[in-house]
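Should a chain be cited, it is by its letter among A, B, C and D, assigned in written order, with residues numbered from 1 in that chain.
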Amino acid sequence: MAKNLTAILKGRGTLNTVLDIKNLSIEVNTKKSKYNVVEGVNLSIGKKMKYGIVGESGSGKSLTSLAIMNLLPDVLKVSKGSITLNTEKSKELTKLSKREMQKIRGNEISMIFQEPMTALDPLYTIEHQLLEVLKFHTNYSKKEMRELGLDMLNKVGISRGKEIFKSYPHQLSGGMRQRVIIAMALICQPKLLIADEPTTALDVTIQAQILDLMNDLSETHDTSILMITHDLGVILETCERVAVLYAGQVMEETTVEQLFTNPSHPYTQGLLKSIRSLGDHKNTLYSIPGNVPTPAQYENMGCRFSSRCPHAMEICKSKEPSMYTVEKDHTSKCWLHEEEGVAYG
Amino acid sequence: MYAYILRRLLMLIPVLFGVSVVIFFTLRIIPGDVAATILGTDATPEALAQLRKDFGLDLPIYEQYLQWMGGVMTGDFGESMRTGKEILPDISSRFAITFELTMLSAFISWIIAIPLGIIAGIKRNSKTDFGVRVVSLLGVSIPNFALATVLILVLALFFSYSPPVGYVGFFEDPITNLQILFLPALVLGTSMAGAVTRMTRSSILEILRLDFIRTIRAKGAKERVVIFQHALRNAMIPILTIIGMQIGVLLGGTVIIEQIFSLPGLGQLVLTGINQRDFTVVQGSVLFIAFVFVMINLIVDILYSYLDPRITYK
Amino acid sequence: MKEFFQRLVSDKVGLIGFIGILLVIIVAVLAPVIAPYSPDRMFTEHTLEGPSSQFLFGTDELGRDIFSRTVYGAQVSLQVGLIAVGIGATAGLIFGLISGYFQGKVDQVIMRVMDVFFAFPDILLALTIVAVLGPSLTNTMIAIGIVFTPVFTRLVRSAVMSVKENEYLTSAVAIGVQPVKIITRHITPNIMAPFIVQITLALSGAILTEAALSFLGLGVQPPDPSWGVMLNASRTYMEFAPWTILFPVSAIVLTILCFNLLGDSLRDLLDPKLKQ
Amino acid sequence: MIKKGFKLTFIFALLASVLIACSGNKETSGDGKDTGGDNKQVEQVLKIANDQEPAGLDPHKTPAHSSVRIYSQVYSGLVRFDEKMEVVGDLATDWEQPDDKTYIFNLREGVKFHNGREMTAEDVKYSFERIKAEETASHIASYFANVESIEVLGDYQVKFNLGTPDATFLTNLTNSSAAVVAKEVVEENGDLQQVAVGTGPFKFKEWVPDNKVVLEKNEDYYEEGLPKLDEVVYYTMKDEAARMSAIRTGEVDLTTVNPKSASLLKKEKNIDVKDYQSLEYSYVGFNVEKEPLNNQKVRQALSLATNRKAIADVVWNGDAVVSGPVAPSMGDWAIDVTKHELYSNDIEKAKKLLDEAGYPDGFDITITTASTYPDMVDTAQILQQQWKEIGVNAEIKQIEWGEYIDTWLYTSADVLVGRNGSGTDPDRALQYFFHSKGSANVWGFSDAEYDKLVESGETMLDKGKRKEIYNEAQEKLIDQSPNLFLVSPMKYVAVRDSVQGFTPYPHNGEYILEVSKK
């Protein structure tokens, strides 16, 4: 058991990772209530790795990404755990000052949000908004910035850069805007790009283009990607590793290949079943029965999936399972794997 | 754009026509006439009749209206019944004062309100927010004539200060001019500030929740850039609407403050006009104020399109 | 509604405003019980006396008890506010509903007329109306009501127009529901939120406008003690007898503050854009 | 955006501090003037704060006090009152009366209008004919209705032919409105509302509406060494608080104030408060043609129910005297009304009279007054309280000035509270206001005996007998009570101690001819 654990830890070793999230919990703290919405999340994103987090809305995937950026809304805060960024130096993001964090955002870690339609300030030209990033983080001259900007637009597939420079967001299509946003995110050559549902709001045809673009660019720029999505299809297309989030916890973590070939957690199985039923055009669509619990219900409910789990046992309802290793590079948070696997975390 | 402006200008015609009709006929319903107020307690019937004839008040009322409107169309607002002086030059020189006062008040209110609104908006539901809201509403809650009187008294009693007497134009003597206008503008500005603070606060609140603010933060912007370059500019449109409305209201609403601070503005002209039944003066001034009011609305609308590239007028 | 009150209570600002207004209403209703003297009773031997046990807030230039007048003043000022705003809001509701619902020519005519009134500066319009009708409590309220009408009309009209766009209404029209029913059942409840906010704010506006008219001698007629009247009369004696202005000014400021606090808080609560 | 905002704030803050600094400087330089004034010539500029804007400057057309106080400095008349209210020469050096109906005035030679032209007898003739002309609509036309013709006897001699002997003629001539004007100025400007060219001590310089009127010294004034001031500026400051503040800080040198403000200013060491008994009295006018006020007993009852002393105490801070139809400051002409039965404030008797008149339970009535004047509003409120005691329930209606004048003129109010200037001759107080044909008798009051009495008073040249006539007229008037005459207030003028030689008189509250500044 101990041997196995070391092997796993080695595979996830800090030396080769860009970002390490350890035991991250995020709590809502208002006068009336106090509870965790994200709990005990562990992730390691390797250099140049494309990592996916998949989960339904409310699973805490977006909050996790916002926590990395230190952009959580006022009522939420990181209550436990650490987020370490390894660039030239290791930095503990949860402990940085505002000023230090501002230096990292857009520079070392960039983020792309879901809604390209509303993610740009409607009152400023594309030029202003694109070059703004450079202004925040570099000392280039105006001319240099323009050149860099045009170059970057070119890279995201916008050839009429000069024209687009003068445009305002509302004059561009959704796909164009998302390209601009990607350009903004990559212009400072960040080590990590967080993409929160970058294609959800786009037409299907454009979705593929944008995903390809991100793939290509991350390779040419040596950028790791953290892809946040509810869509397993996107994960399959872009990612190498994946974490499945449910009700604020990681349920399963493995390579994409293993996830699709050997899903271990009943939740993942359910998810896969539902998209396959979609693909097969069978008469009935499969959906996981029941509802996602609300954060207020998390406490004392044992396994958070237990209420919807087809394999639920007595223990599931009373005691929370640990993460068990199912096979190499594959963990699952389910009592079913207690026997076969190694618990950690 | 030009076509739009032109169309808007054309739309002003019925409104101004309506204003002219309303004010003209309303004035004629008010009991009392200029002849009686001029002659006061020494009036004789003959003298009254003579004066009325001089002013054309013996003509049928619709004829009086047509005569007046005919003049106004050709830019002739007529002469004051009281002083016999041409009205338009008087209106414009007094308008300059009222306008300066209005702008200065607006300016003071922005200086007070916008920072307060931003602070309250950023720190929503904090003690600071609470304090700002109460303080800014306090400004709106004091009748401004009371505030003005208290201010005058306190300054005179405890600081031996009173503003210079006798209005001087800005271009004659800017320093004296500003000394004269500072207190009245402060009073009006204080009462305007509440609404602007409120609007700034809620717009900032609203804007700060929008996605693009998160994008800007994610780009590594300093909080100052987020607030002032992005949030505030986006919040300016509703703020501008409020400011535009207030400037419009102030142009006709400075009457009391002008009287207390002895400023020879348009408000006083109208008030004395009403008191003395100097119809031509009141009609002319009200029409003028209404014109400026609708023009300000138009200017605010045009300003929108400069502030917000999404707004275009065709 | 219950949820709404819960939220109101949770917002301290709104709660303070609400309680304040409640207090003023109670004082106004119980004025005859609270006030030790009739508001017009003159103690000519005691003009401009400072606060004492006999005269809690002192006396005014005619030897009247300022405490009693301030208490009765709540009655007069609230009455002015409520009725004036009632007139403006009702007229605005009617015109706005008609205008917004039927649109077309009716709308054009109503809105142009409102534009005309809107183009008049408030104080001048009120002043002119009072001058025409003759100054009295009733006419003051009518004048302020007329001044407020365009604001309410515009508010209701735009709310109606936006509600009308909604699909459920289109379907209601499609299945042939009567216009009156559509207005009362569907539109009215939907425009209530902005309407209530505007009413709260207009109430404070009305009290202030009455005070301004009183400054010009055209407000409530003496000896009725509206706060505006008291304020204006005491301006002359402010230095000689500061209590003559202190108490009515505090009353007016606190009341209007409460209305504004409540309005401000309601606006936040009812604004869908600001919901948390 | 933000930077701009901060810059503006900064500039603004700077500006505010500069403003305050500047005003500070002015303060100190002002103090310097006060102490070290001996070696430096003090600017002889008198700044006066007025509560009303002048209505116009035409002396023949404008009766408003706010106008009179200004044009009386610019124009002169043939004669004027001295400080004892005796008629003395002004433009006329002396005059003779060949008979009761003829006056010949010898004019001062070499008097120049402010436009440089010499004033002659032709100008006197022109001026009085202008007053009398119907199209002038002069408010003092009736004063000179008795003048049948004016003859120019020479450049410096003019003769007035009267229709009947007229005891009031000379007094009427002292009226500031009986001014000698220059024909060419009238012809050039249509009227004299906006211009003023006279022969008086001060020349009209400019009038900025709702702001100020500036007069400057007439270097050619015919009285040696006068005026002492180089310039007089009248600022219009309608707000009492603003005037108080300005006189306190020395922004103005002189202003009229109300009794309460006066008592406050008396405590200030740099300010003198001068008072004088005015020629005005407050009154209650009745529409004597309408029920119930057409009943003399009702009017008498109301008079008895009225406590005039209380009005003097409360409205005028005690600084007012109970008055009859002729104000007490008219000296001998006024009767002592305090002992009059109807002034006894006898409630029981009042109730009895009401009972006799058929109103045992009183009646409802509306008191109308002008919102412009707080004293009138306060008076109305006191009357309301006092009359309540005899069951008369009054409602108060305050209206603004324009409507008030109209209401007065057409007697459209049943009860009107107001203030009258009783003039400088009892003829105005008694005939002008109450003769059945008197211009200002709007009350519908008509009493043949009374008419005869005041007519004889006008033509009676023997002062002793004239006084007897007027005493009787006053008794009669009070008995009839078409108006209730209330109190005649003191007037207060606050003056900075830098002003020398200022004394107000009842007939001229702002006599500044001999004023100088130190």
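Note that contacts are C-beta pairs under 8 Å (C-beta built on N, C-alpha and C of every residue); 3 or more make two chains touch, one makes a residue touch a chain.
Model, not experiment: these values are computed from the prediction.
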Interface with more contacting C-beta pairs, comparing B-D to A-B: B-D
Most widely separated chain from chain A, with each centre as the mean of CA atoms: D
Middle chain, criterion being Cα centroid separation: B
Mean-CA-position distance for chain D and chain B (Å): 36
Whole-Å separation of chain centres (CA-atom averages), chain A against chain C: 53
Whole-Å gap between the CA centroids of chain A and chain D: 89
Geometric centre distance via CA averages, chain B-chain A, whole Å: 54
Multi-chain contact residues (two or more partners), chain B: 30-31, 149, 153, 157, 233, 274
Two or more partner chains touched - positions in chain D: 241, 244, 372, 400, 403
Chain A residues counted as touching two or more neighbouring chains: none
Pairwise chain contacts, counting only pairs that touch as defined: A-B, B-C, B-D, C-D
Complex interface listing, chain B residues touching chain C: 14-16, 18-19, 22-23, 26-27, 29-31, 130, 133-134, 137-138, 140-143, 145-146, 149-150, 153, 157, 194, 198, 202, 205-206, 248-249, 251-253, 255-256, 270-271, 274, 286, 289-290, 293-294
Residue numbers on chain D that touch chain B, as the complex places them: 1-2, 5, 8-9, 12, 15-16, 18-20, 22-23, 27, 47, 49, 53, 55-56, 61-64, 134-135, 137-142, 190-191, 193-194, 208-212, 233, 235-239, 241-242, 244-246, 248-249, 251-252, 372, 400-403, 405-409, 412, 420, 439-440
Footprint of chain D on chain B - complex, ascending: 30-33, 36-44, 46-48, 50-51, 82-85, 90, 94, 107-108, 111, 114, 149, 152-153, 155-157, 160-167, 175, 178-179, 182, 224, 227-229, 232-233, 259-265, 268-269, 272, 274-277
Contact footprint of chain C on chain D as seen in their complex: 240-241, 244, 258, 260-261, 263-264, 310, 313-315, 370-372, 374, 377-378, 380-382, 384-385, 395-400, 403
Residues of chain C defined as touching chain B within the complex: 12-13, 112-113, 115-117, 119-124, 127-129, 131-132, 134, 204, 208, 211-212, 215-216, 228, 231-232, 235, 238-239, 245, 249, 252-254, 256-257, 260-261, 264, 267-268, 271, 273-274
